[in-house]
Every structure is written in structure tokens, then in C-alpha cells.
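This is the structure I have questions about; it appears just below.
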């Protein structure tokens, strides 16, 4: 195994994300790499095509508000119980991001097509939705096994980078994602997968009957960095809940451009940068 | 939860399998329900369409040799290191089974189509193989996202019954399949799923962070029966290895019609029936 | 009136779920969620309830795609959708107001609606705010259409629409809503004034049945305790169930 | 000759795998498996080796489909196929002899060949028995074709064919085999006599290089120990590695 598999810092990990990358991230609570997102914001990367699987919250809102995102591909961008995503909504009004609005299973299907090396996957539903009108990359055909039975085909989507946070990794690069299985699909589909983890364990996750079923094999993992509570202020499945107070604070701050800028300064740069 | 979820015996469990069923079973070592197969042979069921995911060994050979199978759909039927499948080969020579020869990923794709409620799934490869010539249910189209790019579409396959063996189940009907994840796909795709397990645990498998990722939710499970060492003489992942001596004994016996009949009498009916 | 508006809605929705084997509800939908848990109890526990995002009530182990696969398999009988706008053809809009894409009011996005609305047999539209702002003649963006041409694969679709004022059922063949009942204290004329679309109605419109005392007691007792797991704040506010402490720091 | 035939084959195959990042081998393929483990060691551990069905050498956690998905993603550089029959166009037959379906000689079936032969860049055909029975002019059933029309998606295909007598490489453009070398002790004429298909060859056919003493020592020492996990009987027979006891009873 490559000696450089485990990066010295989260900052070093995210340095592999180039300008203009198609960056794929999971939904809130299922392994969002927030420490890595802050590291990304401290760097200069921009012009990202952000693909949320299938939705995103504060992670997308921060990246969009900071002007790092050119294209947003998602089934939803929202802070959930803390309200709409203020920076995203401002960017939409200002036409500062290109929207690829989708529906959850379409995003899963496009990634699964890439996971299988297929050019496309079919999906039921969709027909008559305005989503289809605005997605010329989706095609409608007549189901060859039916009669006069239209069905939509979605092109494979192969992310440049899949980025997520998980509980455990071992020194072979295996990553335990547990129930957050979409992270496995994201890694299978992507060209490069970068992962932050709560901790590195000293046993082989794939050799353990109980861990193996929830483990992404190291085969798909480019690089790992340790980030304790790396999903904060979001939660991590089976480890810790979201920090509701902080998310409420963010929602209030991001309601204005000035508040958003202040949040960035205080929570991403400044003393937070030193601490992470 | 239904009080009848846990059947009183393996015999009672397999009584739910009707004549002519499309019966879906996993590959050797990944949860083959051998005790249930012996129970099936002690009953009168016949005319089965046996779908192996994607291959089968002694299980298919026994059912075919006993004349219970009308159609064999598989990527391979073999005893592996113990040689070719003698009863299957005799049935092929005698034209006593209809063959639906396939390739492994085609079987996975057809099940995944059913798992997704799709009419079909595409698959690369295949073109120019004689498999395609003998499978008029497969279609070739021109990839709508390419140019002059032929690709094969496989119709969804929805088994009447998926039958497999696993290590653990709980009283909610959740079944821990661990690494044998094809059993999960088989259950998602099937109309009815019947499972034998080594043991019933008294905790909720889905509530345990370590078991949940390898657990098939009870939502997909019709009925369960306990069968200790229920995969014997095959092995069960992470529990026990195959019984090579017995498999060698079977391979030798099944080499002749008479030897096969004697094996059935001794190992399925007779004293074995009393013991199981 | 003994029951609160929320309780009336919960009990009315529970009635719509009768006979379902499996009902799924969103993580941010406490009233439909409470209704599903009540209906489950009324079914003697035979009904399965899945609450998206809840640990205890979430039966998934195959990632985010499993909910959609499960619905596509026909294993989900009922689901709830809402909409920033809902129109008279039951089209729902979860995207925003104005000309797409540069909308001046932008909502979250369509989430799973453009799929689940097609494959779940009983989709119940739930929107408490009943006004000409929410119930419009024509939505600005169709996240998911209320009806489809006959040749489109569509085992699912809209079944009913429930608001703080009334209950509609959707007539698939006419592709129009029909007023079923108005909630106690509300009037047909008021419903018409506050609805942006035209709808059908019977000659005499009944009043939505109020919860009987037994059902209300069940809801406030046993069900309230169950509701507290996926919807702690709601259970505290509506039923006075104390919320468990939740703390997190980096 | 110091090296056994098996050792010669292992070292020769290992040479073919040079530069691969990930090589997968079947559970019943001890010679290719040993070659992959040797090549991995020669790469300084950078090469990944997956042995299907082995616990220690199997990197999968997504069921039986993952191997094929992984190959489809382009993450598998080399794989091995055999065949009851292999013909001069590199078509392989894993199904049987005679008219399908009622074949008088029936083998296991095509397994993954009809897919992996298309997507794995370096497919190495390995068949020890080199006779007119195994290397035929035209296979009776094409499990997987050796070449495809230009418009067929095919990043993968046959790279070489190795037998107990010689090594061929496959010329994609001519869709024919070309004799690369004959193993020590074998002759070109003998190869021709025992091959059912026509093939190309250079003016002077070299002899397959024998393993150097260092490689042979590595194989018999460190690698033999690794081989014993997936292939215990083979390791015991070829290298004298004692097999661990394996017992099972119902």
C-alpha cells in the first residue's frame, strides 16, 4: 500500500481537488466531510460542478455563498429543519450558478450507471416533469420490451472527485461507511475518492466479518485524512447527532451577505483555521 | 410482526414454494439453503424454473437429477473443484431441461432491474456471443447517447421465490446476510423471500450499527426457519467451510444414475429425513 | 371542539391510510408521520411505517437509493408530498416561483417527487396553508405532474389533498380535485375563496368527522410517545412529551 | 532443467502481468494465481491481486456483482480465461461440444466470460492441455468472441495464450494468434501438429526464457507461502507447503 495513502492533514487531502472538478458529496447526516469543506474554502479552488447525492445543506450553501461553485446538480439544497439555504437562494436569484435540478433516484441512477461502466440507466417516472424539459442530457425512448411505453434514460455520471467523511479507516485504505452505503456507490463511480475519517484502526476492516459488509475496499480510495468530528456541525450516522444550535446560528448568519461573510471569517478562516 | 414469521420447521417453510415457481438461489458458499433443498426434495414440488445467482453446484444438480427442474437459468452449473455437475450433464444430454445459458453480470443485471422496478437494464459485452443467439428475450439497441454503438438490454427478472441461508435473523424478520450481498438483491427483486438461518437472535439487527449494514430488512422477508448448519455440505461465509469429503462423495455417487438414486435415498430421504 | 386542528388532521389522514401495508413519511412531516403511527396502531401493528432519516423507524440498509427501489418494487402503498404550489391538476412545484431558472423565490428542489408520484399508489398531498398562494391554478414549475397520458407507466399518483381547511380527493379520470369534506368551523365558500383552482363538489358537502374520544386518547397517550422519537419538538409542543436532551459540539 | 513446467508457466505469466495495477484470478486457477502473486511481489507490492472466492485476497464488499462493476469501471487490468475449446480467432467455448443445447459433452457454462472478455484490457488465455481437442479451428459454441466489429464497445480482449507447449500473443488487427516462444524442450513443428488452428510466427521462434535462480528462489520461498492460502492443495503438491487442516461435518 502506498505510504502516502494517509495524508498528513485535511488541507493536504483537499489539495488534490482541482479547479472545475465535478465534486460529488453525500446528503446531510450520511458522511458530509465538513472539516474538508472548510479546508477547501481556505484554499483557492473554484468553478466547481457540485453534485449532491441526492441533496445537500450547509456544505453546498457555504461553497456556493463563497463563490466556488459554477454548477449545482441536486435534487434539493436546503438546511432542512433550519430552513431554506440562504446563500444558494441568493445565487439562484442573481443567476450566479447554473442549475441542474434533478430528482433523487435520477442522481442515484446516473452514479450507478458509472459504477457499472454503462453509458446510461433507465428510470421510471419523470415524464411530464419540467425537470426533463431543462435536462437536455436526459433522453426519452420507447421501451423495446413494451409497446408505446415511453421511458427516460439518464446518462452515466462519473465524478472527478467523491469526497465524504466516515467513521473508520484501516492502513490498507479500507473505509467503514456502515449504513451510509451511497458513499460506496459514490466511490465506485468516481475517478478519485478522498475520505476523511474519525479514526484509523489498526486491524483489517475487510478481514472482520462484522465490519466487512459496511466497508468500502481500499481499491476505490485514493487518499484519507483523519478529521475528528469531521462532519461537524452535521451529524455522523451512529456516531454523533448534528449540532442544531450551530446550524441555527448558520441559518441566521447566512440570511444576509454580510452575515455570511462574517460566518466564513469566524468559522472557516480565523481561529477555526488554526484549530483544524 | 406476524406471529407466523418464524416457521416451525424447514419442511413447513418450503411448503410455500409452488409447482412451476421461478426459484432463485445463490452461488455456492454464499448462503445456499441446502437443508431447505433437501426438504424440497422430500416434498412433491416440480417443474421449477431454477435461477442461479449466478451459478450453482450440488443444489442445482440434486434438484435437476431428481427431475424437479424444467428450466435452468445460470452462468454456470458445476461442482467446482469436485468436477462437472453429473446429473445436470445427463439432463442436458437427454434434453430433459430447457437451458437459459447466461453470463454472471447478465443475471445480476436482470435482478437489479426488478429490484428497481425497471423493465430492463443495459449491459456491455455480450455482442457476438452465442449466448445472445439463444436468448431471444435479450434485445440489442443502438445506444441513444452514442453513435452506431450497439448495446444489449436485459429484461427484468422477478423471481417468484428467493431462497437462501444466512447466519442470523431477529424476531422482526431482519436477516443478517453479511458479505453475501447478492442475497439482498435476490430478496429485493423477488415476490416472496424464504430464508433459513443458523440462529435467531434476541436483539434488533437493524438497531445495531455493526450488523445493520449487512442486514436485509424484514420488509422483504416472508418467512424464516431455523436450520443449524443449513448450508451443509456447502460452507457459509464467515461461519464454516464446505465439507469437501462429502462433496467428493456426492461427485462420485452422482456419476451414475444408480449412484445418484442411492445418494438421494441415503442423504435426503431415509435417516437424514428423520434427523432434519 | 375537543381536538386541536393538528389532531383533526392526524386522525383524518390516518383514516386515508386504512388498508395500507407500508407507509413512508418524510423526516420533516410530523403530522403525516403521527397519522401513519396512529394508523399502524389501528391496524394492530400489521402496517409498516418508515420515517425517512429516523434511525428507529427507518428500515433501510442499502443506502439512499433503497427507498426508491422499494417504491419501484411496489412495496410502498402510501407516501406524502407537499408543494410550495399545488394546482388543480395536482401538479406539484417544489422548485420556486417565477421563471425558471432565475427564480426570485427559490425552494429546496424536487427531491424524490418526480419519481415517487408515479410509483406509489396512494400519494397524499398535505399542505396546511390553504391559500391562493399555495393552491394555484397552474404551478410555475412542474416538479411532478398530477396526471399522465394513458401510455405512461404510472401505477401511482395523487389520492387526496388535505389542508387546514378541508379534504379533497383526486379524480384520476377527470384529473380534477373533488371536495370531500370541510373541517369543523370552515365553510365551502371560504374554501372556494382561498383556492386558486376550480374543483368539483357534491351537492351537500359534509363536515370532516371529528376524532372520537377513544382515538383521541390513543393519540395523546401511546402514539404521542412514539411520535417523540422521529419528531421530538412536535411531540413536545402538541402533546407535552418532554424532548430528550440533544447536545453536540465540535 | 531446474524449473518445473508449472514454475516456468508461473514465471512466464508473471512477466505478462508487468505494469498492471490490478489483476484478478479465479478460485480454481492456481498457476495464474501464483503468477499474479509473484508479479505483485516483483512490483514491490504496488500491484493489487484479487482471487475470486478467497477471503484473504478478495477485496469485495458489494456481493457478486462488484467484480463485474469493478471491471466495467476500468479498475481491472488483467484477468484469466480458459476454455474447453479455444479457436484461432480467440473465441472461447465454456459451454460444450456438439450442437447446442443438447450437447453430448457439456461443461459448466460461460460464467463471466461474455462480459469480462470485453472490458478487461489484458485477458490472458491459459490452457495447459495443448492439443487439437482444446485448440480448435472453430469453437462449437462462442461463450465469448475473441474480436468484435470496430463499432462494438470493447476496451478489453485477448492478449496472450499460454499452454504447456508455448506462448502466443494475439494480434487484434489480424484477429489471429502469433507464436511468441516455445517452452524449453518443445518444438515449433510439434506446436503446429497439436494446434487445430492456423497461426502466424516469426522467422526464428525463440525459446521461452527459463526462470532465473533469484526468481525461482522467491517463488519457492515467500510466494509459495502466499499461494497456500487460496490454493492449499496446489501449494502442497508443487512447493511442499503443508496444507492447514480443513474439517467440516453437518
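Going in written order, the chains are labelled A, B, C and D, and every chain counts its residues from 1.
Methods note: a contact is a pair of C-beta atoms (placed from the backbone, for glycine too) under 8 Å apart; a residue touches a chain by one contact, two chains touch by 3 or more.
The shown structure was predicted, so the numbers you read here are calculated from the model rather than taken from an experiment.
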Suppose you hop from chain C to any chain it touches, then on again the same way; how many hops at least until you reach chain D? 2
Higher number of C-beta pairs in contact (A-D or B-D) found for B-D
Per Cα centroids, the chain farthest from chain B: C
Mean-CA-position distance for chain C and chain B (Å): 40
Distance between chain B and chain D based on Cα centroids, please, to the nearest Å. 29
Chain A and chain B, separation of their C-alpha mean positions in angstrom: 36
Show the residues in chain A shared as contacts by 2 or more other chains, in ascending order. 116-118, 123-124, 149, 151, 179, 181, 184, 212-214
If you look at chain C, which of its residues touch at least two other chains? 60-62, 68, 72, 119
Taking the touch rule as given, give the residues of chain A at its contact with chain B in the complex, in rising order. 116-124, 139, 141, 143-146, 149, 151, 153, 155, 177-179, 181, 209-214, 237-238
Help me check something: in the complex, which residues belonging to chain C touch chain B? 22, 45-46, 48, 55-56, 59-62, 68-75, 119
Chain C contact footprint on chain A (complex, rising order): 27, 29-30, 53-55, 74-78, 80-81, 84-85, 88-89, 92-93, 95, 98-99, 101-106, 108, 112, 123-131, 134, 148-151, 179-185, 229, 232-233, 235, 240-246
Chain B-facing residues of chain D, complex: 27-28, 53, 60-65, 68, 72, 94-96, 100-104, 106-119, 141-145, 148, 151-153, 246, 248-250
Tell me, which parts of chain B touch chain C in their complex? 1-2, 114-118, 184, 188-189, 206-207, 212-220
